[in-house]
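In the two assemblies presented below, subunit A is common to both, partnered first by subunit B and then by subunit C.
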Partner chain A sequence: MTTAMPAIETHGLSKTFGHTEALAPLDLSVPRGAVFALVGHNGAGKTTLIKLMLNILRPTHGGATILGRPTTTLTGKSFTHIGYVSENQELPDWMTVQAMMDYLRPFYPTWDEAHLLSDLDLPPDRKLKQLSRGMRMKAALASVLAFRPPLIIMDEPFSGLDPLVRDELIKALLDRMSDEYEDDPNGGLTILISSHDLAEVESFATHVAFLHQGKLLFAESLATLTARFREVIVTLDPAMTTSAFTPPITWLLPESTASVYRFIHTNAELDNFEQQVRALLPHATEIRSEPMTLRTIFLALAKSSQAQDRSRA
Partner chain B sequence: MLPFRLTFRPGVPISDQVVYAATRAIVAGQLQPGEPFPSVRTLSRDLKINPNTAHKVITQLLNDGLLESRPGIGTVVAQLPRSTATQRTDLLGPQIEELVVEAKRLSIDLDDITAAITRHWKRLTTPPAGGSK
Partner chain C sequence: MIQSLHILRKDIRHLWLDLSMYAALLIAAAIAIPKSWDPANLSNTPLHILITLLNVLIPIVWLLLVARVVHDESLVGDTQFWITRPYAWTSLLSAKLLFLMLCLILPFAIMQCAMVLQTGTNPLHALPAQMMRLLKIAIIVWLTFTAVASVTSTIQRMFMAMVAVVLFWAGALTLVSGAPGPRMAFPFASEVFGIYLGVLVLATLVFQFATRNTLASRVALMAIAVVFVELFACLVEGQIQAPFNAFVRRNYPLSTDASLRLAFDPTSIPSQDAGQGEHRISALVIARLPIALQGLAPTTHLNDQNVSFTIDAPGYHYTAPWRPADLEDNSLKIFIPQKALDAAHGASVHMHLSEVARRMFPGTPQTILAADSFHIPENGVCHLLPALSGDNVSCRYAYELKSRTMISAAVASGTCIKPEIFHSSLETLAARPPSTELDPTVEIPLHLGGAVCPGTPITFTPFHPGGNFRLELDIPSISLDRYLVR
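For the complex of A and B:
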């Protein structure tokens, strides 16, 4: 096994604006070759985290490395290896799509724009200011894919786009991943995508991190995450119900009636799931569990985190 | 175009789901022996899955003997491989038993079970190769 250096690593990274803690100290590791999804609601701290990673903002405490370099030492030249596409990308509006590509080309030794504009269905002669929001995102992505960076960071690339454009963006991204895969199956194009709705990256992301109100709730591989979360419905023998049952902290959002107990299990052991639940609810007559989509997992975590905040207040 | 369709379900690894969909298409004759199988790139684009996952799918199908690599052509659908005695014993023993246990738990009749098996069997039976369509 190789212990390749992670593409991005943070240590106690935090950011405070005035008295507001935008990002609580955070440790995160994005492995090389990962498609790392950074999820959270609006205002959760996703953009702040990305800006810290790119040295657009300075950390209040802690630090981070990106492709092995401390983020605070990133210079213009570093950005020939890092592609950044943001929701509110500034583009040279007075230029045509082709003129922008021609302008950028000399800055990047690895530039290769073959087929990119036609694959993304972009009109080369159109001025950027005349493009729709979706077209602008495609132009921004084309300008990043063209220099073949080993790391691409995208901040909310799909928000407010119609499904057709989203599809084109995802296909362009997957195509690039296939290119890289053909060049070197163990190699490492790393992609970090932030989103408030993960449905569209769920099928190809390898890792996911969830930010909620400036705090990292978890960061792990998609496989382990979807394996440990289950929605559980337990049918109880009403004659034996104990009213004073306190669920363990790994059970979220418990709800119950006289004969049904329902909760989200965050640490399900699929091999002996029944025993695991029955150990705490011995009067269960039936235990049913359903796997959860990412969307329902995040919803459950966010709700549960809110409930905790309320009970603390 | 992909010769099979699928909608992903949560909780099951994506590669397993694609392997199953492809296996189903092969036994049902929607993919005939000798037909080219989609590349890593096509699987990735059309199913919106990671190329690594697509590669895993093809490796699994090659190991299962459902696909074979032909130099100069690429990956094609193989003749259905002969099953081993162990594979047959496993299916006819423990796996059928599991089905029977579930059926009895849900109070389903033996007749209903055999009828359902026959129905699925017919639906997935390969039309004779080269025959009229």
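For the complex of A and C:
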């Protein structure tokens, strides 16, 4: 699915506004063909990162490439290969949906909007300003899907949408991905999608990156991530006393009572993970590990990061 | 280019209603303004109110049109639809400039041609003047509007910015124009300022379209305005005299004609009666010196006469700025600071005087027979107003009166129905450059001191520039008190 050159790559990319650091130096690689979810709370720096990738903002330090090209050299022509949909994007509201598609057509040599409006259930004669928020997002997405870019960047596209419209949008994206790009020698369509709703991206993302207060907590494939992170519950023999020990750094948020030791294991895909636990907790009578959702992984990481900050302070 | 035309088509489609309104206003102006030329409509108040309204509304529509077309792809902000689409900035800029040319300037030019046609003059003969007029408006109005629109995101912000621009100009120019007394217009001042503003504002516009670096563009526009005021202070107000004097002396070389000279006659004292005029302006007192220009051929006229002088009294030196002067009546009016008189204590001082001027040589006279309406040289048309006694000729030129023109005719005292005595009369009209008003014509009533009757020959003699010159006069000893205007 992936080829050697990533769709997006950043090296020490950072942005400050005055004295405020919106984005700490960040290294990130988005493989081609991935559905890459960029998640984090509001204000985490997702939009800043996306604007840096699209050369809407200039980085303070570091750099990035997008489809092999330094982002600071992106020109209008580059956007024949990059689609961008954002919740905050202004649209030419005075145009009808069809007029917007007609207007944009000559800009793109690969334009093909066959059935797109009807597939997305968009009224061609309705002015954009008369559309609901969900419809506007669909119209924006249609205007991007029509030129079949190898990279689509979406900034909070589902924010405030009802579940039905959200599913329609996701379906439209995934359908295009499977129908039109499956034989693409360049690795197919890459989607980078930012969201603060972790549950919604978990269903279709192949990769995920967490941003928290401008810092990248991690970025990896979702399969690896969910295999790696486990909530481990160790039942201890209450008759025996557990001697004090320092948990390894791969154990996050450890909590203990007389009979239970609970933590988040960040390397639970290791074969010897049970042995490691037993070595440190010899009085364990039972070791249970449960898969975690993206949301719980993120919460664990965020809490752990806060705890570390507090202890450093 | 194809992308430019595509964007242009979109803009026209979007702004068709605004453009229709603009067209309606232009048509109204093309009908109403020529009606106001008719003396019968002199007291037609509704017509004059309509014209005043049009004079206000058309520039407002310019502002709105420029704002709307530039803000359709706003350069300010980071959420605009177009910035992540395959727009080439060159196409976008050329589309906007094409829109201004085709939808704003061309209809305005057509409206002006239509008005010129209604005078009976030939618009094609006035093409250079029309271009000059459009260029002036383009630099002062349209380019400024476009530059301000490119660094603002909404019409409201643009309007506020324009208010700030107007207040800045008014304040700054009032501050630097504080010096009393008339001043010489710097040679080529309008060309220098036109090129300065046109080139730099256009460069900033291009920079803003190319980089969307709004902060830098705003700073650049403010810097252009501040430096403009400084230039104005130096060149027009002569606040920094050395470069100004150097340029004037270079542009007006010392006369090589030995017969042409300035002469000071200490035995004569010109009339020092202020009459209706003033004898003092602020800290300047007015003196009339017995200085005459000698050796000028009677057929030659002078244009743009200006005088500067120095006064040396014990412990005091004064260099006067260049001021307009008229030496053709054997006396010269000058403005002297009160301090110079105080320093002289009634004694004689040393004075050195420089005069610069442009010679104007007469061209070929053309004699035209007066009629109800008759064409005159320099692309003008005159009308006789038979019902009026006294001066009854009004002439209208398309855009400008290019050359100084001398007009001579035999005029009648009283009306032409009952003419009493005929006498010959002479009037010289100064050249009038193209203005920036909506009315493209220049109306000049002739003051010949009597009525011109139908069939009377009127002779028009245009004058053409014959070169600049400078004359110097050294007066070792002059008692200024003797020549003060009382």
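Throughout what follows, the second predicted complex is superposed on the first by the 301 of 313 C-alpha atoms of A that agree within 3 Å, B and C clash if a C-alpha of one lies under 4 Å from a C-alpha of the other, contacts with A are read in each partner's own complex, and residues count from 1 in each chain.
Just so it is clear, contacts are C-beta pairs under 8 Å (C-beta built on N, C-alpha and C of every residue); 3 or more make two chains touch, one makes a residue touch a chain.
Since the structure is predicted, the reported quantities are computational estimates derived from the model, not experimental observations.
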Problem set entry | Touched partner set for A:35, first subunit B, second subunit C, both or neither | first
Exercise. What is the contact status of A:103 with respect to subunit B (first) and subunit C (second): first, second, both, or neither?
Worked result: second
Exercise. Does subunit B (first) or subunit C (second) touch A:77, or do both, or does neither?
Worked result: second
For this session: Examine A:175 and indicate which partner it touches, taking first as subunit B and second as subunit C; both and neither are also allowed.
Result: first
For this session: Determine, under the contact definition given at the top, whether A:204 touches first (subunit B), second (subunit C), both, or neither.
Result: first
For this session: Classify the contacts of A:57 with the two partner chains as first (subunit B alone), second (subunit C alone), both, or neither.
Result: second
Problem set entry | Touching partner for A:226 - first (subunit B), second (subunit C), both, neither | first
Problem set entry | Contacts of A:89 with subunit B and subunit C, given as first, second, both or neither | second
Exercise. Tell me, which parts of subunit A touch subunit B in their complex?
Worked result: 33, 35, 170-171, 174-175, 177-178, 181-182, 185, 203-206, 223, 226-227, 230, 290-294
Exercise. In the complex of these two chains, what residues of subunit C are touching subunit A?
Worked result: 2-3, 6, 10, 14, 72, 78-81, 83-89
Problem set entry | Complex contacts: residues of subunit B adjacent to subunit A | 8-14, 40-41, 44-45, 47-53, 55
Problem set entry | List of subunit A residues in touch with subunit C within their complex | 51, 54, 56-57, 75-80, 82, 84, 86, 88-92, 94, 103-104, 106-108
